[in-house]
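Right after this note come the structures.
In what comes next, subunit A is part of two complexes: it sits with subunit B in the first one and with subunit C in the second one.
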Partner chain A sequence: MEQIGILEGRERQVLEKKSGVAQADIACDTTSLSGSVSQRACVFCGSRVVLYPVADAIHLVHGPIGCAAYTWDIRGAVSSGPELHRLSFSTDLQEMDVVYGGEKKLYRSLIELIDQYQPKAAFIYSTCIVGLIGDDIDAVCKKVAKETGIPVLPVHSEGFKGTKKDGYKAACLALMKLIGTGSTDGISKYSINILGEFNLAGEAWIIREYYEKMGIEVVATMTGDGRIDAVRRAHGASLNVVQCSGSMTWLAKEMEEKYGIPYIRVSYFGIEDMSKSLYDVAVHFPDRPEIMEAAKRIVSEEVKTLYPSLQKFKKALQGKKAAIYVGGAFKTFSLIKALRSIGMSVVLAGSQTGNKDDYARLKEMCDEGTVIVDDSNPVELSKFILEKEADLLIGGVKERPIAFKLGVAFCDHNHERKIPLAGFIGMYNFALEVYQSVMSPVWQFAPRKGGSL
Partner chain B sequence: MKHEHAKAATQNACKLCNPLGACLAFRGIENCVPFLHGSQGCATYIRRYLISHYKEPIDIASSNFNEETAVFGGSHNLKLGLKNVSDQYKPEVIGVATTCLSETIGDDVPGILREYKKEFKNGSPMPIIIHASTPSYQGSHIDGFHAAVHATVKALAEKAVKQRMINLFPNMVSPADLRHLKEIFVDFGMPVMVLPDYSQTMDGGPWGEYHRIPPGGTPAIAIASAASAMASIEFGSTIEASKSAAEHLDVMFGIPAYRMPLPIGIKGSDKFFSLLETVTGAKRAEKYEDERRRLVDAYADGHKYVFEKKVIIYGEEDLVIAMTAFLREIGMVPVLCASGGKSGLLKKRIAELVPDMDELGINVRDGVDFVDIEEESKILQPDFLIGNSKGFTMSKKNSIPLLRLGFPIHDRFGGQRMHHLGYRGTLELFDRIVNTVIEQRQNASSIGYTYM
Partner chain C sequence: MLLRHTSKEVKEREGLTINPAKTCQPIGAMYAALGIHGCLPHSHGSQGCCSYHRSTLTRHYKEPVMAATSSFTEGASVFGGQANLLAAIDTIFAVYDPDIIAVHSTCLSETIGDDLQQITKKASDDGKIPDGKYVIYASTPSFVGSHVTGYANMVAGMANQFAESTGEKKSQYNMIAGWMEPSDMREIKRLAKEMGINIVLFPDTSDVLDAPQTGKHVFYPKGGTTVAELKSSGDSLASFALGSISAEPAAIALEKKCKVPFETLDIPIGLSATDRFIMAISKMAKIEVPDEITAERGRLVDVMADMEQYLHGKRVALFGDPDQLLPLTEFLLDLSMKPVHIVSGTPGQRFDKEMRVMLEKRSPETKFKSGLGADMFLLHQWMKNEPVDLLIGNTYGKYMARDEDIPFIRFGFPILDRIGHSYFPNIGYNGSLRLLEKILNVLMDRQDRDALEEKFELVM
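The block that comes next holds the complex of A and B.
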């Protein structure tokens, strides 16, 4: 087979763990190399994914049609009520708008959409060319907010102005403007916000139920099954629990500074991390020991039913090898543990947006010889999947066809998923999905397993 | 019709952006990497969108604009990107399409490419670099598709001794359609240059090792010979002459251009096969007579199910036009023919194929989105919708069945393997349409008929 090299300029973003030798930290937090076919998206994407699940607001994309068209109903973020988030709105800028400016069209679009859909708020995303033609979207938003009486929030997400992480921040800035504008009357002392939980396939509901069983009030989930009014009173919670740390740690820090709300980082994937995320919240409320007792009871009950049901999968999957390439690094930690609990090892672990600390921790967790990558691309991923003889790849939509072409099983751990993978039930679903793909008899026909080309 | 008051915002768009079409078209050239000159997001979103339909890896490179690039121009990033793609993918061709960003800052892409070639002339073999201008604030994905095909022919076609060969510009059709078209040419004993040909790159077999670029596609050398063909056939009803590859070859090299609507329906397919008989001088193979006979027979068997059924058809203008003519030949009434595209020719072209369209109550609207279509549907009360997956939102909301065809098919399996063209494709469509009606009837009845 032809040798595949790593691109010049990317060598420091790839590392194979070796003990006993000094290894430099992995390079990360950089923009993608031109021409490298990154799996990343852009600033706009970062903002859009964070705010997407807010279901009673309209999300208007200010720019040419593509950005809105490609993000229409793109995520599996479900709502228990309104579903405005599943519609796609664009100012659909044309050449004349580019020449003469798009402010008027933006204004007319907003007035028209707010009148038509009666949302609780509006988010206006600026895309690449808005940053170039100099539309003053802040001024338009201010004017429309005044005229309509609802919050109209600009999200400065011009695609080229940084990476996806900058988009997360722009979205959090918009949320920060809402937080603190609602009444905190009646909020319990034993209350939390869940940050970075997007209610994919109803995951936020599963998690919320655990906390509620513990006697904890969940004030706002940001942004899964999100509501503007809940976000507005989020500053009344006693603790912020951050699940997707990449996207929401910034918001948690801001809220800590402004409202004195402490935060913890958690993960809801896998038995170990799921349990810990209940205990860590309980620890925060020592004056009410019932909370910890309830947490222990939940974990014990859930594990009692879950554990035996996993054994079938573990038996079948023992010794199989997995590759992980996902958006945030924090998720990889949980996935490594979850995979180990069903007998699998990890030969490749990487993320689009991990930071230095994430990669240091990842390296610590990984087995000898595991390849760690930041902001990887299809060529590299394939090279390592084949070299390390992975049986499974965990990733998103863009990684899926790479796995299937090479005859490798795949688990969709992405924004589109329709099956909840968080919580205890999510661990079962995860193990089931991995099992169903890895153990499928179809791979016998794949060339790498001896099938003909 | 009451649509004098145009909406300001586009809601649930019935179109995609220009660069998407270009990326797909470039995928139909052998050993070619599509390259978007703009932000990283454009490439990633388009890859994701195409993957969800074709279920194939599609690597699209990006020049990854950052703030300095936007201020000082994209020259440095474009050159670095081209070099990196050349090193990592070893392509024979790189198809560079612009985005709204690079177009708005006014990058002189041809100039940058000339500099690049000069600067790297002593490096590794220089890929052929094709440039298509595809600003997202103009037109829609279909314009980008044609722009890429046009730019490719313009860049590669070279005058040479006439050959017994035909150029086929098939438009944005499915990989299955492309395979079918190539088979027809084989059966006519006529060599063909199909551009683009993503029949294998976007619907191929398993790999034993990773391919940087999937096998398949039309080789650059074959495209070069387009200027020595006997004729060009181009499917499409709304392609402007200045953007037509067939027209370019006609004007520059005197290659006769035969431009016709997508061959859907018996009349449309007859026209295509007759044209092939004329230009090749050969008679169609018996198997196509058989296919036609089976189709005529199926029309007879199924006609009662579909007669005067009202449908809304939407999608790219060329597809809508050809589908409208087909629906009329089976007695259906497309009460609304809609497209997010806006060539200005939609109504005119439909009228040419269906002269009694006004009497039949056929409405035509271009430049619409799915909220417009939904509003019309409330008045027009169609029996079902025909179009791509994106109509599902309104289909579900209004309980109107949806028959899926074209691109994208994101909520069903096998969209890339669906036929639409020729007698074979028409029969497949007809079967599906009849079954949509039967299923509707069966489900609506409480009796549970087992013969329908």
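The block that comes next holds the complex of A and C.
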């Protein structure tokens, strides 16, 4: 068991960058191999994370209890008002429901829920089993919507019907049904929607404030600190600003087609990308040069305070090596740049859901010798972390204890982050968190560093 | 005010569950399987199930949790998952090289009708299982029972599929662990050693989910019941099933298959349940209770006496799993506390009956509900109508504790926001003493916090 190689059948999803040698593109967009210890999740998971932060809607999981239990308030998507999203609602399907169908139970549950909580809308997630027993959740939703007068939106997120990305799309489909149903009266010409920002640790608030300082109206944030009424009038915005490319690009494209709203892709992580995300929006409104001026002023002020404060981290972290394994590839790009700005290099970079273009770009960005992986697993991750002598792993919940067992520092850049990592302040927080973990005295005692008795 | 939406008025709900006090079978099966040495749990279903279970267990233990998945796709759900599972078995043995694969089903694979017994037999017939390696299984449909049921099914599967009777008895006893923490399992082993008996403890997650920092990530940590031990359980003199819901099915399987007699006991939480546990061993093995154990008991009783004035009549709401709730409720009664509300999402007539019998005798006014509709929303409503001084339950109780501004002790599964459960047992006399200390600490901290200055006491 000491030596585990790369999983057979996965050779094409792992690549070590070598220049001067012809290398095949990384294989991605595939489903995981049966029997692999994959770090990936399912369609339902994708839908749930995208819609979850909508705080004044109820989110009813139609299926056996597990799907609702495991997704109960596990993401720190903060709301400034209602917190309906933090409760767990399930139809808790039983054997008899599986045999005779769960439509009646779904109907009753919905009526009870809407009666109890008076939400602005309801999202109904179908799980694996609902796809099999053939419940017509569309019909139930339609009926309840008619009776209660609120939008009741089916989300077709049967776990097995694809990958997490398909779940993003199912969620976006539900949002698309809401968009266009509200009034656009009074929306400024200088307005945007923020897409793919989930307000983890209050990040959407930070971003929103930058844009508002630039004189831009933010119509809807999808879906961080989300409100149904805001989503309904999102078609009144002049521009869609898309973060987390994996989850919401599809929605942006749909809105472009249907409402003629152009979109840009941005990232709020790291100084470079954060600044660019302000400039790119300003460029979109050339008839009002004050916007660009404000953007420049914000960047200059923020960088003026941020840059010196990063230097002590940079000094300590210079030459340290990082491994990155996160959900979306777009985040990986930002992280590479952010890490470089604090003196660290990247020896492993990967994502769960990147596509071909993402990996081509990733390869271009990475240093010689960097290992690039798609849909990795604990064996590969620990193998490369040790081989490449990484000092830090950036990942999510399942990666954290692996890093710590190896005696390597860790930064959660997934939904368990506790402090905002987006925006200029987020870059400071990120550097601080990386610094705290990499420089922690605990590693002196860890066997990797020869710290055993 | 997260739960500001909780209304005081209790209405009968038809079908809707709000804030569940349970989760689904497969995670229990995965947890149990981690208690076999060299075993890779395998989730026969969609990728999400496996991912969610691993994440939840990782959050609870702060440990890496390894498990594989059949990664169902649309095709598998139409044509059946046999091909996926056979391919998975090939992959797993080739790459992860476990001694055992423990397969559990999911709602998806159950509904499409995959028969794990037949598929694992086919794997064996097709020569997919290398010599000396094993594939065991448990049927764990998510739409039946709860995580506790899944645990029980996998543990019964271990007994069924490993135990052998050689015809020659061994001088050992089986301890079938109900759902408990690695720390508790470690304590069971210590107590057995103190008592001077040899045991086969299964499952055993100590040294698996409380592993030390070694600088290595090992797929199969050093702990876990070995195959040899599991096989030999068929030759044991008797079995002790610790928990009627989560452990007894395995004891019954052993009796059926290998004629090993069994006795079902509560998980030894609290004084009375630990007394029964120790006396059952003493009686079965015909041994005197050693002085050290008697002293441990004495220390617990001593503290119970010392602190009795701070406990009497304190009103408690508790929620969790059946095998923990029974002895825990009994312990609270022994402490002269007042269990006021009890909720378990896990359905079960046996549990209802045992709880009712105890409550009728000792605390007839206690409100108790299990199964459908027994969720944290209901518990919270009850608490609003009849307030309590203390809440005991898993991490999700923190919302209610905060809303009602009452002391809260984390107990059960999952605990996502504190450490300790992996390392310090809650069972046996020593574990009960720790539990008692925790109860006293939160109650007395509250008393200190709320005391008027002139009543703020130094000596308590």
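Simple rule for what comes next: the second predicted complex is superposed on the first by the 450 of 453 C-alpha atoms of A that agree within 3 Å, B and C clash if a C-alpha of one lies under 4 Å from a C-alpha of the other, contacts with A are read in each partner's own complex, and residues count from 1 in each chain.
Methods note: a residue touches a chain if its C-beta (ideal position, glycine included) is under 8 Å from a C-beta of that chain, and two chains touch if they have at least 3 such contacts.
On a predicted model such as this, the values are computed, not experimentally measured, just so you know.
Visitor: Quick one: on subunit A, after the overlay, do subunit B and subunit C clash, or do they fit? Just give me the call.
Guide: clash
Visitor: Using the superposition on chain A described above, determine whether A:378 touches subunit B (first), subunit C (second), both, or neither.
Guide: After superposition on chain A, A:378 lies in contact with both partners, subunit B and subunit C.
Visitor: Name the contact category of A:84: first (subunit B only), second (subunit C only), both, or neither.
Guide: A:84 sits against subunit C, while subunit B stays out of touch.
Visitor: Please report the subunit A residues shared by its interface with subunit B and its interface with subunit C.
Guide: 1, 4-5, 7-9, 31-45, 63-72, 86-95, 97-98, 105, 108-109, 112-113, 127-129, 131-133, 159-162, 378-379, 382, 397-398, 400-402, 404-407, 446-448
Visitor: Which residues, counting only subunit A, touch subunit C once they are in their complex?
Guide: 1, 4-5, 7-9, 31-45, 63-72, 74, 83-84, 86-95, 97-98, 104-106, 108-109, 112-113, 116-117, 127-129, 131-133, 159-163, 378-379, 382, 397-398, 400-402, 404-407, 446-448, 452
Visitor: Any idea which subunit A residues touch subunit B in the complex?
Guide: Residues in contact with subunit B: 1-2, 4-5, 7-9, 31-45, 60, 63-73, 86-95, 97-98, 105, 108-109, 112-113, 127-129, 131-133, 159-162, 377-379, 382-383, 386, 397-398, 400-402, 404-407, 445-448, 451, 453.
Visitor: For the complex, give me every residue of subunit C touching subunit A.
Guide: So the residues of subunit C in touch with subunit A come to 2-3, 5, 7, 13-20, 22-27, 40, 42, 45-56, 58-59, 61-74, 76-77, 84-85, 87-92, 94-97, 106-108, 111-112, 141-144, 146, 211, 213-220, 345, 372, 396.
Visitor: For a test of understanding, state which residues of subunit B touch subunit A in their complex under the given definition.
Guide: Within the complex, subunit B contacts subunit A at residues 7-13, 15-20, 35, 38-49, 51-52, 55-67, 69-70, 77-78, 80-85, 87-89, 99-101, 104-105, 135-138, 140, 205-210, 212, 390, 393.
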